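Alright, structures below, take your time with them.
Heads up, the next two complexes both have subunit A, just with different partners, subunit B and then subunit C.
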Partner chain A sequence: MSMKRRTVLKGLAASTAVLAMPAVLRAQAAPFKIGLLTVKTGPLAQGGIQMEQGIATFLKQKNNTLSGRKIEFISADTGGNPAGAKTKAQELVERDKVNVILGPLAAFELLAITDYVRDNATPLISLAAAEDVTQRKANPFIIRPSATSAQCCHVMGDYAAKDLKFKRAITISEDFAFGYEQMSGFLRVFEDNGGKVVKKLWPPLVTPDYTPYIAQISKVDCVFNGFAGSNPVKFMRAYADLGVKAKIPLLAGWTAMDDALLKSLGDEAIGVYSAAWYSADGQTASNKRFVADMQKDYNVLPGGYSAGMYIAGQCVEAAIQKLGGKADDRKALADALHQVTLTDTPRGAIKFDKYGNVIGDVFIRKCEKKDGKLVNTVIKKYPNVSQFWTYDEKAFLAQPVYGRDAPPAKNLEQ
Partner chain B sequence: MSLWLTLAVNSIALGGLLFLLSAGFSLIFGLMRIPNLMHGSFFMLGAYFGVSFLAFGINFWLAALASGAAMAVIGGLIERFLLRRLEGQILPQVLLTLGFAFIIADICLMVWTGDPWQPTTPTHLQGAVQVAGLFFPIFRLVIVGVAVVIAIALWLMVDWTRLGAMIRAGVDDAPIARVVGIKVSQLFTLIFALGAALAAFAGVIGAPYLSVYPGLDFEMLPLALIVVILGGSGSLLGALVGSFLIGFLYNFGQAMFPDLAYVILFLPMLLVLVLRPQGLFGKVVS
Partner chain C sequence: MSWINSRRVAIGVALVLLATLPVWIGNPYYINVSSQILLFAVFALALNVLVGYGGLVSLGHAGLFAMAGYTGALMLDAGHGHFVAILAALVVTLATSAVFGVLALRSTGIGFLMITLALGQIVWGIAYRWAGLTNGDNGVNVTTRPAPLGISLASADYFYYATLVVFLIAVATMAVFVRSPFGAALRGTRDQARRMNALGYNVWLIRFLAFLFSGFWSGVAGLLFIYYNQFISPQVSALTTSAEALLMVISGGTATLLGPIIGSALVVIMKNVVSAYIERWNLVLGVIFVLIISFMPEGLVPGSVRLWRTGWQALWSRLSAPAARKTGEQGP
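What follows is the complex of A and B.
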């Protein structure tokens, strides 16, 4: 009897093992779902299409399999507005039940969904820059391998004051949050190093002609611009046409001189300095593969939008590798994403601070013409730049988030 | 001082471009009472056509004319086969033209991608004139010249030709014009095609300094609307005065009261709508 019972137990154990095997196989067969929130229609489509190309290139290189898990990729077009971002995030989470969301593109889209992804416990890897999502309102489900708005602008403020020895500057950027955060980051570091921002210009997001603003620029050593989308193309042409560029050097944030934008620019871009967290001529092995594949498949030079999503893909891969079978646990995945450290990404080595924001290199580039083509040549590398720059984290967070007049500009002149 | 001078010259340049854009809009609206919400799309699509022609190495002015011609055909077809069925029905016309605006925007995105295109200024028009230490791009002055030439040509056509007389008759009273034997329907197609062609031409001419990108259509449409409401629909003089007025308001408004840029642009329009609904130079429609 006891023998029999043991046999039965053995049999049970065996059958459990047999049952368990397909369970593992089932888990392996159920694909890991990556949802992309991007913009494929409307004025922001340019960056959005590049985002999709970036992650598509990564998944193709990996043969749609990350750390042994089959990947199912779902792309959603938000139309580039907060309401669309909310709707599409809901679709990805509730209908498609994605494991992780990549994107969105714009800060106001990210702000519209940050509470939603927290409440629904869905990890999100952001490209959008809204500062507070990884600062005063840090969200345990969000990491950002791109940069905060000001992360590169701090660096530009430092470079302009110390290396270029500029004393007086005018800032110009779109009249919205991404512009405020960029310009204030520049202003703070530039003024802390002895510079003066004497005028701040805020053209509306939609400005057919920048001449009225450019006409107000004079008597400074440099102009720092933070335009995004297609605006930098218009702005820089007008800046050169009006003869200002010949007299006053132009500095730019990463979106204004993104490598992907170079083909739309002409000689007016030569000599422009920019601070960026990604540069297409980066020398890491993964960047060389990435640039080669982007050129082969899409005939484009990649910029930050596509690199950001490629790196997001690498973060997902690293997190799955760490978690193994537990990657389907959304909370564990979010935590694992925060712990990711990578040595070989297209932008170099990265890790994340406890707020989920990237710590990585930032490059100062100067635009040059080589063999008839515009290139952003890296002239200086600032290693391991944090979103807090060199400031003390607590003191930084105790101040209000960067805004149109925060920190206040003390040296404005009429 | 130099700021004001730069702004003044630039106001005139922008006014010239706006006139090219809105002259056609004004005629279409005045004659056919069609609120053509795809006028900005004609501008953008025309600019994209121009960019493609230029990529083949075609001369800048030829590219602008060719783009205008292509758009005339497209505009004519849309009017003849779609809009004509909706004659006199404002709401369906609004919806149809708005729908087309979205369709054109998506097609442009598909064909020309989301990247901004900025054709180089034609070589012989590059550079700037320097007056009293001020730079001013020659090309923008050329735009003013072109606008003036086209304004005169349109004025001659409307005021001094048989065709112009028919158009004026159509604007004043279409049913009576029909009764006296004017083929108003053909006239409509012609005017619509002409308006589309002018918008496309303006798109190409404006491209070297506005650049071409998704969303350009809905940036230009409100400007055309304000110009026509200010100037009065169906009146070329109104479109001309309105364009330069908006050119000045836009430039000086943005420089002096940047926070109120749109208020300054749209407030005059509201005032005109309330105090003089027919516009500064429009006729009272019975």
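What follows is the complex of A and C.
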């Protein structure tokens, strides 16, 4: 990546030049450094590349200058694993001395570096969902403008029980934190509204064939899936091919029906309901600019991965604007990020709760074919959804974090 | 002053450079990279006992590495002290090594490789799928580093020194091991297993003990790894980790002490430093390995020594005996 090398060399040249200047001038002249933890190699690379496109689009629109501060952008590839995330976070913090980190992508990567960024006082704007980072182990240096794993799934649980009037459901998701947290969020709200989750299926992250899992699905009103990466494509195809889709409607979390996936999907996706915090057909001014630029530069319909990083960029801009010359103070920046409220982002208006997690709209969408193209049409908007849904914050936090069997499912059937 | 020779001078210089590394390298990021090189060097040295001296190529050592890491991390997570956790981790790793050894040493060559590969994958499977114990893909966090003698290892500098001490002990142990009669016996089982058997050596036992020794140091490296990363997840036990360690040993030079250390430096630097500049660092690493295998099939360290010697000899013969060379040229 020759561009990267050049930015680094530029950075070196700039820092040598800076050393010669009086201290007063330095704060003005030194660029504000944004480091991105993303994944460019391995199975999660697709989402990681979209993340980089999202922030790159934002910086290009802003001409690499946020509130008058020149931005230096450094991207690091974690390889999609926790040890890689740790090493690259160290690289960004200790070698590049970035002012703020954006990313990482996966929950297990975030869990691996949350203590590290706190100990090294570096603000981080996460895309990854790991619930406890903004709940029981809230980190004063982390904000999350995307969503916790369960934030959209609570909504889906509500919609499935109240609007779709489903009574019995089966959940299926990958056997890791993001899957557990999503499925448990759905289960809790669905059952609190009279539904029953009768079976939970957990295929591993790398599953060559979903047939044995889909074969266990029967006698329910709906299936809720929380797949991520490229797995939803495989799963939905098998679900339709085995003839289950015609009988049992499919519901999806945000990653399982992300707008960026639509180009890889066919008719098997028609009719799938999804709950997402971002929808490419959002009507805000910034979203129209964002979608247009993404289509022009990369020829893609952006999904949550890109939008999340675009919004992260907007948060950084707002924080710099508020702090002015003090934006180099890492603690002040982290605090300012927590205070950010934005009215015009691609997902709509957002603000943060005291734990650093976003409060924003969540959309229920139904996949349709329009003019020969798949689109996720928004059919209902839940405004200002918090990570605690409608539950009392204290009572919510007193319970253990969502896990494979937490909260316990009381209605399982063999 | 007969004790001064070039080898001792080189070792002395290397020691001084290693001991003063945080001073001259400055940036904590590079100090951390150095710590990683040293801890993976311990792992590669451990693997080298089997690969280099025993002629037994193992692809399951990540299992032992991760076994120590997980035991340590889970013990700490359960609220035990560092001493107990480290002790438990080493005992469990030794026990696992014994099981691995008993199963894998039924065979040598490809058979041994396949059995160790399978055993390593079992550990990975447990780490990945037994989520109730290992927390699955989410991994286990290690909240604190130990503070031996009251010195906290939280900073990059102190952790580097702790790793350096462990590394030096490992190197010294390996050096003693290689020179000992047991080391010679192990090399014997590698080169002439049947003759060793005929001479009355218990070939199986020698290999088994070497396996335990190798497993022990893999465990030590695993512990250094979790204290360095303060985190462990199933990826650590995956085949990639075993393969990387094997690449370190083979690229540096099997059956040498310096080889695995150089190999570890090569892989860690490619993985951490070069990857920041070149997205396709895997490709660069691959090309480097192909070059090493093509031009120095015995590994970087022995290969460089060979090139140095032949170059030196060529130069020497040219300088000292031009006349002889001339007559040689005039020959038939």
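Please note the rule applied: the second predicted complex is superposed on the first by the 388 of 414 C-alpha atoms of A that agree within 3 Å, B and C clash if a C-alpha of one lies under 4 Å from a C-alpha of the other, contacts with A are read in each partner's own complex, and residues count from 1 in each chain.
We adopt the following convention: a contact is a pair of C-beta atoms (placed from the backbone, for glycine too) under 8 Å apart; a residue touches a chain by one contact, two chains touch by 3 or more.
Small disclaimer: the values here were computed from a predicted structure and weren't measured.
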Joint occupancy of subunit A by subunit B and subunit C, clash or fit: fit
Which of subunit B and subunit C A:Asp115 touches, first, second, both or neither: second
Subunit C versus subunit B, contacts on subunit A by residue: B
Subunit B versus subunit C as contact partner of A:Ser264, first or second or both or neither: first
Which of subunit B and subunit C A:Arg95 touches, first, second, both or neither: second
Which of subunit B and subunit C A:Thr41 touches, first, second, both or neither: both
Contacts of A:Pro204 with subunit B and subunit C, given as first, second, both or neither: both
Subunit B versus subunit C as contact partner of A:Arg237, first or second or both or neither: first
Lowest inter-chain C-alpha distance for subunit C and subunit B in the superposed arrangement, angstrom: 5
Subunit B and subunit C contact sites that coincide on subunit A, given as residue numbers: 40-41, 204
Touching residues on subunit A, where the partner in the complex is subunit B: 40-49, 201-204, 206-209, 211-213, 215-216, 229-230, 233-234, 237-238, 241-244, 260-261, 263-266
Subunit C residues touching subunit A - in the complex, by the definition given at the top: 27-30, 32, 36, 128-129, 131-132, 136-139, 141, 143, 154, 156, 229-231, 233, 235-236, 271-272, 275-279, 282
Subunit B to subunit A touching residues, read off their complex: 2-3, 6-7, 10, 14, 105-106, 109, 113-118, 120, 128, 130, 135-137, 139, 208-211, 213-215, 219-220, 223, 250-252, 254-255, 258-259, 261-262
Subunit A residues touching subunit C - in the complex, by the definition given at the top: 1, 4-5, 8, 40-41, 76-77, 81-83, 86-87, 90-91, 94-95, 107-108, 111-112, 115-116, 119, 130, 175-177, 204-205, 404
